[in-house]
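Two complexes are shown next, each including subunit A; its partner changes from subunit B in the first to subunit C in the second.
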Partner chain A sequence: MAAKTYLTHEDISKWLEDMSSQATVLVPASVDRAVKFVPYDAQTQIVLEHQATAPPKEAVFPQTETLLKYRYKKDTEHPETQPLEVKEDVPEDKVVVFGARPCGTRGFVIYDRVFTSDTITDPYYKARRANTAFITIACDQVENTCFCHWVGSHPADSEGSDIMLFPVQGGYLAQSVTDKGDQLIKQAGGTKASGEQQKEADTIQARVREELGEAPDISDVPASLLQIFDNLDFWNDVSAKCISCGACTYLCPTCYCFNITDEAYGLTGKRIRTWDNCMSYLFTLEGSGHNPRMTKAHRLRNRVGHKFSYYPELHEGVFACCGCGRCIKHCPMAVDIREIALRAKETADDEQSVSA
Partner chain B sequence: MSLLEDVKAKIKEELPNLDCVIGWKQGFDPLHATPHFMRTEKDVDQLIYDPLCAQNLASYLPGMKDKKVGILVKGCDSRSVVELIQEKLIKRENLVIFGLPCSGAVDLTRVNDEFGFVGRITGVNFSDGKMEITTPDGSSVLEIKDLLLSKCQTNPYASPVLCDHDFSPSGGPAICGQGESDALQALEGMSLEQRFAYWQYHMDRCIRCYACRNACPMCVCRDHCIADTREPHWLSQETDVQQKWMFQLVHAMHLAGRCTECGECERACPMNIPILSLRQKLNREIKELFDYEAGVDPEAVPPLLTFKVEEANINERGW
Partner chain C sequence: MNNPYLPDIATIKEIIQETPNIKTFRVVLNDEKRMQEFDFKPGQVGQLSVFGVGESTFVINSPPTRKEYLQFSVMQVGEVTNRLHSLQEGDQIGVRAPLGNSFPLESMKGKEILFVGGGIGMAPLRTLLLTMLDKRDEFGDITVIYGARSPQDLCYTYEFDMWQSLGANLVLTVDREFPDWDGRVGFVPTVLTEEAPKPANKVAITCGPPIMIKFVLKGLKDLQFADDQIITTLEKRMKCGVGLCGRCNIGTHYVCVDGPVFTYAQLKALPSEL
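Up next is the complex of A and B:
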């Protein structure tokens, strides 16, 4: 493994400045007490100490994305026809996401299996993904809502990142993990990390890992969720306090459901892709008026089921959850998805012991 | 017996006649209370009541209209219950209301501001108007009056305006209703251009999750909101300030003279957008025009839900 580079906070500022002349650099910034990723400029109030309120998911999967623009033309020679001019809008901008946590970055690894699989490739997603680099900070503290270790990750997980930064006194130890990262780290300057600094970084990582504690075994939760699929008493009970808003979904680094809508203005218009929200009544409302997910119990079942059962079943057991805990922390009613997963397992076990 | 024990005893007494009683219990950590639907005596034992119990549980009532439900309310929450009764969105006879004293509801954003970082809190204690917070690194004491939700400042009903079991006399002196909202006052002092810039700045970070809408006890269109539907196409799916702001205006207008200023919209917002001030502004207008306050009298008819040929404060023909 390549030696790490020590970057002081000053080096980092200079590096951000340099990178922002070649790409859009997204950094977590405080906007009136909410922290979200915004394009860097020298005035930006960067917040690197804690996890951002909103993850960097808009970097690769914007909340609104124009897929194509169209225009109906008038052909006076052939008034019975209406030729249509269509212009595709594939993104080309280079983006660097700086300062996300491993959980936020790792969300895109979960997207990749969906948007860039062998059978289906989404050109918009693929283009953004290829043009985006991630410089991720390993965690130096744990929050009560953190559970990345439940879902096969850890506070220094480099999966999905191009460069990892490990917090130490006065700055970070930087380590490139991809070719993209090698290119970027060349511009960073800095000095070769000393053995002592390396030891310091390791000590911090060991402490953080220990503070997270033991993760429960959730490997049988996918099967449990299928087993209790029709147990509506369970789903009514765990969803009672849910208010069916989209805070959990829209702040989730792994939620990728979307809508496609044509927004027409006279003869012109655009086709946009926007985030969808499975907590909304409209999510599966059918044209006939029938809705297979009538109540919030059905909808919460889908959210938990998708993350902890249907997705892992399709993708080698990988959970569609990065354990960042935003859905718990920012839920106005403090709904806890960890509790629901564990109770699902417990309920399925109880059902089995009764039927045995 | 302590207040909490008294309340628990009364809930257990009523429980056999009810589908459930809605209160609060500790959430995923000591800083977070979470709504608690009590069906058994064991559930009742988990009940908590302290300044962290900020959620207005009345928001759940319209969805449980035909059930026999008990509900715990603070003074301000009770106004939402009354307004729902006024609008016939819930049935009084199906409700058992437990009225609690309130010593202020804590705003977790302000706790974060004062304390620095609230992600790793291991213990919280309240005594004599103070909140003691413990973390693995030690503990600090903060004054509750510095941590209140903005609604506490303006909502003067410390005791429930309607209840079946009144526990409020056992509370200390009220600390709510001490003045006008800071955000509203600041807005009143701005020029039109400044106000526009203010809302553009704040609405930009809205993520359109509609937590504000769904946490609102008076937001009654529920699954049939114009913000979601394509027919009529009043709002597009685009995430621009125009759409987000349009929704806030629609929401605020629909709440004029109905909003009980419980502040759930603002508390629920994960992006900390100060949207309560909009509802407060419209309520001040309603107060001036109709001398009416939402949710204080179950018999009163809200002025925008009725019609009078001659309004006392509106000069319609005198031009």
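Up next is the complex of A and C:
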């Protein structure tokens, strides 16, 4: 592994300045009492001390994006006709995401298997993904809601990142993990990290890993969830507190359900994609009035099922969860997906021992 | 790169008022070459767009054996369908098709075919029925049990004679007595039970309102049809049509990609979330 580069906080500021002249650099900053990723400028107050309220998912999967633009043309020679013109609107902007945590960045690896698979390629996602680089900070502290180690990750996981930054006294040790990262790190300056600094970074990582504690084995949760699918008592119980607000879905780095709607302005308009929320009754309501997920119990069952059973089934056992804990931390009713996964396993085990 | 969200622009060539709330649209893609090369299998669906209002999913109910136009039947229930109903011949719409899987036509060859349809549920059956009638000698007996609430709620009435002349047995039913109605009276599942088709060498294909499908499945099971002899096509709310947006999944299966056509055996293996 290549030697790491030591970057002081001052080096980082210069680097951000430099990068922001060539790309949109998104950094976590305080906006309306939340920490969100916003375009960097010299005045931006960057918040790197703790996990951002929202993950950087908007960098590649914006809350609202234009898919198509259309125009009905008025042909005055043939006023009875109204020819239609439709154009794609595929983005080309270069973006650098600076300062996300591994659990935020890794969400895109989960998305990749869905949006750029062998059978379907989403051109909007693909273009943004190819044009975005991730400079991710390894964690130096643990929060109560952190559980990345449950889902096959860890506080210094570089999966999905181009450069990893390891916090040390006075700055960071930077390490490139991709070709894209190699290009960016060249602009960063800095000095070669000393053995002492490397040791310091390693000590921090070891401490953080220890603070996380042991992870329970959740490898049989996918099967458990299918087994208790029809146990509506269970789902009613675990969803009782839920108010279907959808905060968990909007703040989740792996939630990608979306809606497609049209916005018209006279004869022109656009087709837009927006984040959608599977906790909403309307999400699956059919024209006939029938709704396959009619109560919040059905909807929570689908959300937990998707992350801990269906996605892993389709993608070689990988959970569609980064363990960032945002859904737990920001849920107004403190619904805890960890607890649901564990209780699902317990309930399935109990059912089995009863029937055995 | 092929953009799965980009529709073809198509022109409405003909509109048929089927019932008080169902219209059939016959459309042709504006790009002649795309229209000529348009290839699909019976059972596949398409997304129709009215730009400025949105998209909705409908089965292509014309058969691949007759490709002078693509036909969609639309019941007026929501925003997009309301707007579609207000369109005129000559108007432009978007078409994203074909999407999803299709009826297992090859495996039905040489078999007797039983269609059981209700209301607008006849639309997906029509594409398969006409495909079979256009290749009549490849299939055994073809029987269609089709019902609706009232005679005026039956679709495709103007071509019933054509279906029969091409070799289909047609059993029509409405929910209750109506003046001048000389077909059967009773719910579709009841008529199915009365007709009592034998399952030997037969495939049953059913589509209709969920409650009808439920009792038709029960009726077919009572008649000793095996689970893999029963085929249905599902409807779910869909947006993207390409397995991404997260609405139409039943467990790991996306109705827009892995469906809409499923055998009863396949459905039983899925989580119960219809």
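Methods note: the second predicted complex is superposed on the first by the 349 of 356 C-alpha atoms of A that agree within 3 Å, B and C clash if a C-alpha of one lies under 4 Å from a C-alpha of the other, contacts with A are read in each partner's own complex, and residues count from 1 in each chain.
FYI, a contact is a pair of C-beta atoms (placed from the backbone, for glycine too) under 8 Å apart; a residue touches a chain by one contact, two chains touch by 3 or more.
Predicted, not measured: the structure shown is a model, and the values here were computed from it.
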item	value
Fit or clash between subunit C and subunit B when superposed on subunit A	fit
Partner chain in contact with A:Gly246 - subunit B first, subunit C second, else both or neither	first
Arrangement angle, subunit B at one end, subunit C at the other, subunit A at the vertex (C-alpha, nearest 10°)	90
Partner chain(s) touched by A:Asn259 [first = subunit B, second = subunit C, both, neither]	both
Subunit B versus subunit C as contact partner of A:Glu313, first or second or both or neither	second
First, second, both or neither for A:Leu68, with subunit B first and subunit C second	second
Contacts of A:Pro292 with subunit B and subunit C, given as first, second, both or neither	second
Gap in Å between nearest CA atoms once subunit C and subunit B share a frame through chain A	6
Overlapping contact positions on subunit A, where the subunit C interface meets the subunit B interface	259, 261, 263
Residues of subunit C defined as touching subunit A within the complex	1-7, 9, 49, 51-56, 75, 77-78, 81, 90-92, 94, 209-210, 235-237, 239-240, 242-252, 257, 271-274
Residue ranges of subunit B in contact with subunit A within the complex	27-29, 32-37, 55, 59-60, 109, 112-113, 117, 119-121, 136, 201-202, 204-205, 207-211, 213-215, 222-224, 228-230, 236-240, 264, 267-268, 270-273
Interface residues, subunit A side, partner subunit C - complex	67-68, 70, 72, 80-84, 86, 88, 90, 114-115, 119-123, 126, 226, 229-230, 256-264, 269, 271, 276, 278, 283-288, 290, 292-293, 298, 302, 305-306, 309-310, 313-314
Residues of subunit A that touch subunit B when the two form their complex	31-34, 36, 49-51, 53-54, 63-64, 141-145, 211, 237, 240-241, 243-247, 249-251, 259, 261, 263, 272, 274, 277, 280-282, 328-330, 332-336, 338-339
